[in-house]
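Here's the structure we're looking at; comments come further down.
Chain nomenclature is as follows: A, B and C, assigned in order of appearance, with residue numbering initiated at 1 for each chain independently.
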Amino acid sequence: MNYQQATWTRETDTGEPVNEPLLSEKRTQTVTYDDVDLPDELVRDELTLPEPAEPEVARHYTRLSQMNYSVEHGPYPLGSCTMKYNPKFIEDVAALEDGAIHPDRPDEYAQGTLGILHGLQEYLAEIGGMETATLQPPAGAAGEFTGLLVARAYHQSNDEDDQRREVIVPASAHGTNFASAAMAGYDVVELPSDEDGRVPVDALEEAVGDSTAALMLTNPNTLGLFERDIADIADIVHDAGGLLYYDGANLNALLGRARPGDMGFDIMHYNVHKTFASPHGGGGPGAGPIGVVDELTEFLPDPHVRETEDGSFELYEPAESIGKVHGFYGNWLVLLKTYAYISRLGDGGLKDTSAMAVLNANYLASQIDLDITYGPFHHEFVASAGDVDAAEFAKGMLDEGVHPPTTKWPEIVDEALMTEPTEALSKEQLDVLAAAFTATNRKTSDELADAPTTTAAARIDQTSAARNPRLSWQDVGENDE
Amino acid sequence: MQRIQHDGTDHPHELDESSPFAPQTPQEVDAMLSAISADSVEELFDVPEAVAFHGDFDIEAKSEYEVVTEIEELLGQNADRTEFLGRGHYDHYVPSVVDYLSLRSEFLTSYTQYQPETSQGFLQALFEFQSMIVELTGLDVANCSMYDAATALGEAALLAARVRETSGSRVLVPETIRSERHSVLENYADGAELTVETYPLAEGNTDVGALSELIDEDVVMVYAESPTARGAIEERLSAVATLADDHEAAFCLGSDPVALALLKEPAAVGADIVIGDASVLGLSASHGMGLGLFAVKDGYLRQVPGRLVGTSETAEGRRAYTLTLQTREQHIRKERATSNICTNQAWVALRTAIHIATLGASGLAALAEDCVATASEAAARLDAVEGVTAPVDDRHHFREFVARTERPASEVASELADRGFLVHEVGEFEVQICVTETNSDDVDGLVAAVQEVLE
Amino acid sequence: MTHETPDDLLYTDSHEWIDDREDTLRIGITDFAQDELGDVVFVELPSEGDSLESGAACAVVESIKAVSDIYTPVSGTVTATNEAILDQPELLNTDPYGDGWLFEIDGQVPDDALDADDYCEQIE
């Protein structure tokens, strides 16, 4: 592939070569406040900010955009992140004027918004096999945190909170699982993977007990493997009095084919920005609704939406609510996009999504020449870069005009390349991606060390960025050591 | 697996069993299956029968046209009312250029910049966002987003507890804080065994005497807001800062970028941390979706939650941007990370930055000055109505203020709603009114309606 | 890749070295450890006067992609810390047994300390 990302290299006034100057290196303005109707001591002395005219704003950000690889450029197979195509119409839906309302409107004046939130609660509950879902958590990690607060409230209601202080997390889990458990006040017990890459049932049996609050599990797990023993795992955790938490990051693999609720999970989060195509926005916003089984609905965050007898919708506080996890109702615009996407796909489209995601991953894996130890995998696989540093391999792939996979995780695979093509790549694009793997695999270590050469920036010195942090334009040009 | 061939059209009512966003043709599916020696896609699922799902969700697929129409209809059920609502979520006009640029798919459909070489554009935009927040707060470091103001406040309390040399267990917040924000803070604080207590206000500002009675060595953080949730500009921040400092507690200030463009910089009044909702610029009313602002003084750098973008150089010596100090984060430090946050509000931060750039220093300062002027004008006009006292608090106000009504607030609010205007009911005889450039033309109507209601 | 392992030092399983300087023990991380970590970008040290139990995490060494706790192999009181590495964490990479030392502690050399040969065997 012949690829070249755009740049507009030039020198700043101080002679520093840059791709595009900072806004602060263009026109700035300092304002002072002479005739504000406030006492001087309450008012700033001055404010200095860029002051570009609108055409300059447009050029600046258009140039920046062109120095940014995205799903619409080509394959973006970041494992676990589910970088699928984001349909355009959901943006138009999100832009509808009637949806732009204040969160403090009384229910009767927000019936449209509440109706959609209620509809999404029901969609998600159905898709996850749960009783209902709260839409408040603003991302997957926030969903984990919320779910664990729900678990904690449940144990409190049984007078067992003092004793159930541990959350069990498989070693291959996402970092947020560990961090969320800690934030919820739990001790984390790490469970190593079995040789076949799954949860070792024996070791789990040893690990659970009176102190277990919950087990957090991703299924398919981060190797793409279905936890075949899930029914036994659920029994073990439930028999010990713990709850089973489902990390929904990989739900794209199972849409319409298996539901966490049916597998025995009590609490789950949905990463709607993964599974349901709301765009990732350069790092967010997403949304991380959580679904719960019947016994846990009373602990859900305040408020929840319900339908009244006359068919209208109202907010209410669940009887033993944990309180709030977001200042208002979560990331409304993302939730609205999710609702639109699910409505568009319907049962057939959702089932087709998982089918094509899994087919794509299997086909892609068959076309690349790297070791893939663990299987059968579903929507993603973890290949090994072998003797090559996976991070270096990724830099090499950039020059093939594709985004590389997630690297070096899960750690159970040496030099892991965690690859998730999603359903949204055609066979032709999968072939392009496979060719990128192949071409990279042929590169010498010197070639990899020099990569990338086709991106707006060549290899970036991470070490000096961390040793000498310069985190704002106020620091640029200063403390250069 | 049956896949029905698309005919390239997408008429309403013509539905099929395949996802319109999965591009494989039936021929391709066959070719792919044969490449992996499988007979069907079903065979690829390693799901034990006992937990397999063969049912239906009963979600009917719709055409794009049908979905858009359905949602238009549903949202149309949001009653048409003029909102004079604020209290932490504000509707400022967002220039068109913000939409057009932020919706460019290069920005919208990318993810976290794990590969900085191919993500320079977004990184630079986030770096510029951080820099704008640094300028507005006067503090040294800003991250490139938390979810919203409430969760940012929760993170601030956790940070404050971590940076303290000696342990402590109390967080003090103003009694006027929104109950929702208070509740989120409690949930964050609980896991770290911190308790949240409120301190009183007098005449709309911190009761410094009462605060000094409450504070002790066990307090890890004192939080204040300016403007307060009731719209008053806080005049006693320096005194609060001194009290906090005397007890080795961090002082966290809640504000927003418009207010910060006019009010004394937090750093100058002694704030150690600033949190708030930065989406007051960049997002119009969006049912409470926000952008958590988070800035701290230099000494707290290693304890900052969330993503940080820094500059560095490329191999050829060109300036470049990259996520940095990632060892603080969950993907490396796991349960000892400074936060669990991963997906954040980056795209909203982009929008906020574009909005700030478009306004420029002059436009932003003018907007902030208007927030003082319109609030005081509207208050004066309502005060002139018989049966209304406005503002209740004898303070300077920003965007919003509380008015006392002779009739019960619930009746006033609901009768105003009947006349097309929504205001907050914040006390038995108190309503709160927020004015920005998007509703200032309707103040005449509101004043007339208030007159009718109180006659 | 071979790593330097001076004969006159003692070592721990967790890749610290101990230099017995009679009146005090100097502690650092081994060449192997710094190589595994990669470019060190940040170091956190104990404070002088801290009294530590053997095995306690008392310092942190960070590279870009990894964080490593340093466990004191010795119980005792910290008598000195190497302030220079706070500003120049790269010293841990360039001179792990010299200018890249971490801290000094007064205490007894532990019985289970490894000699250079044993440590080499362990990291092979």
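Quick note on the criterion: a contact is a pair of C-beta atoms (placed from the backbone, for glycine too) under 8 Å apart; a residue touches a chain by one contact, two chains touch by 3 or more.
Owing to the predicted nature of the structure, the values given are computational and were not obtained by experimental measurement.
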Chain separated most widely from chain B, comparing mean CA positions: C
Pair with more cross-chain C-beta pairs in contact, given A-C and A-B: A-B
Per-chain Cα centre nearest the global Cα centre, belonging to chain: A
Centroid distance [mean C-alpha coordinates] between chain C and chain B, Å: 44
Separation of chain A from chain C, taking each centre as the mean of its C-alpha atoms, in whole Å: 38
Gap in Å, rounded to a whole number, between the CA centres of chain B and chain A: 18
Shared interface positions of chain A, touching two or more other chains: 462, 466
Residue list for chain B, restricted to those that touch at least two other chains: 332-333, 336
Per-residue overlap in chain C, given as positions that touch at least 2 other chains: 42, 62, 64-65
Residue numbers on chain A that touch chain C, as the complex places them: 408, 462-463, 466-467
Chain A partner contacts - residues on chain C that touch it in the complex: 39, 41-42, 62, 64-65, 89-90
Partner chain C, residues of chain B touching it in the complex: 302, 326-327, 332-333, 336
Footprint of chain B on chain C - complex, ascending: 42, 62-67
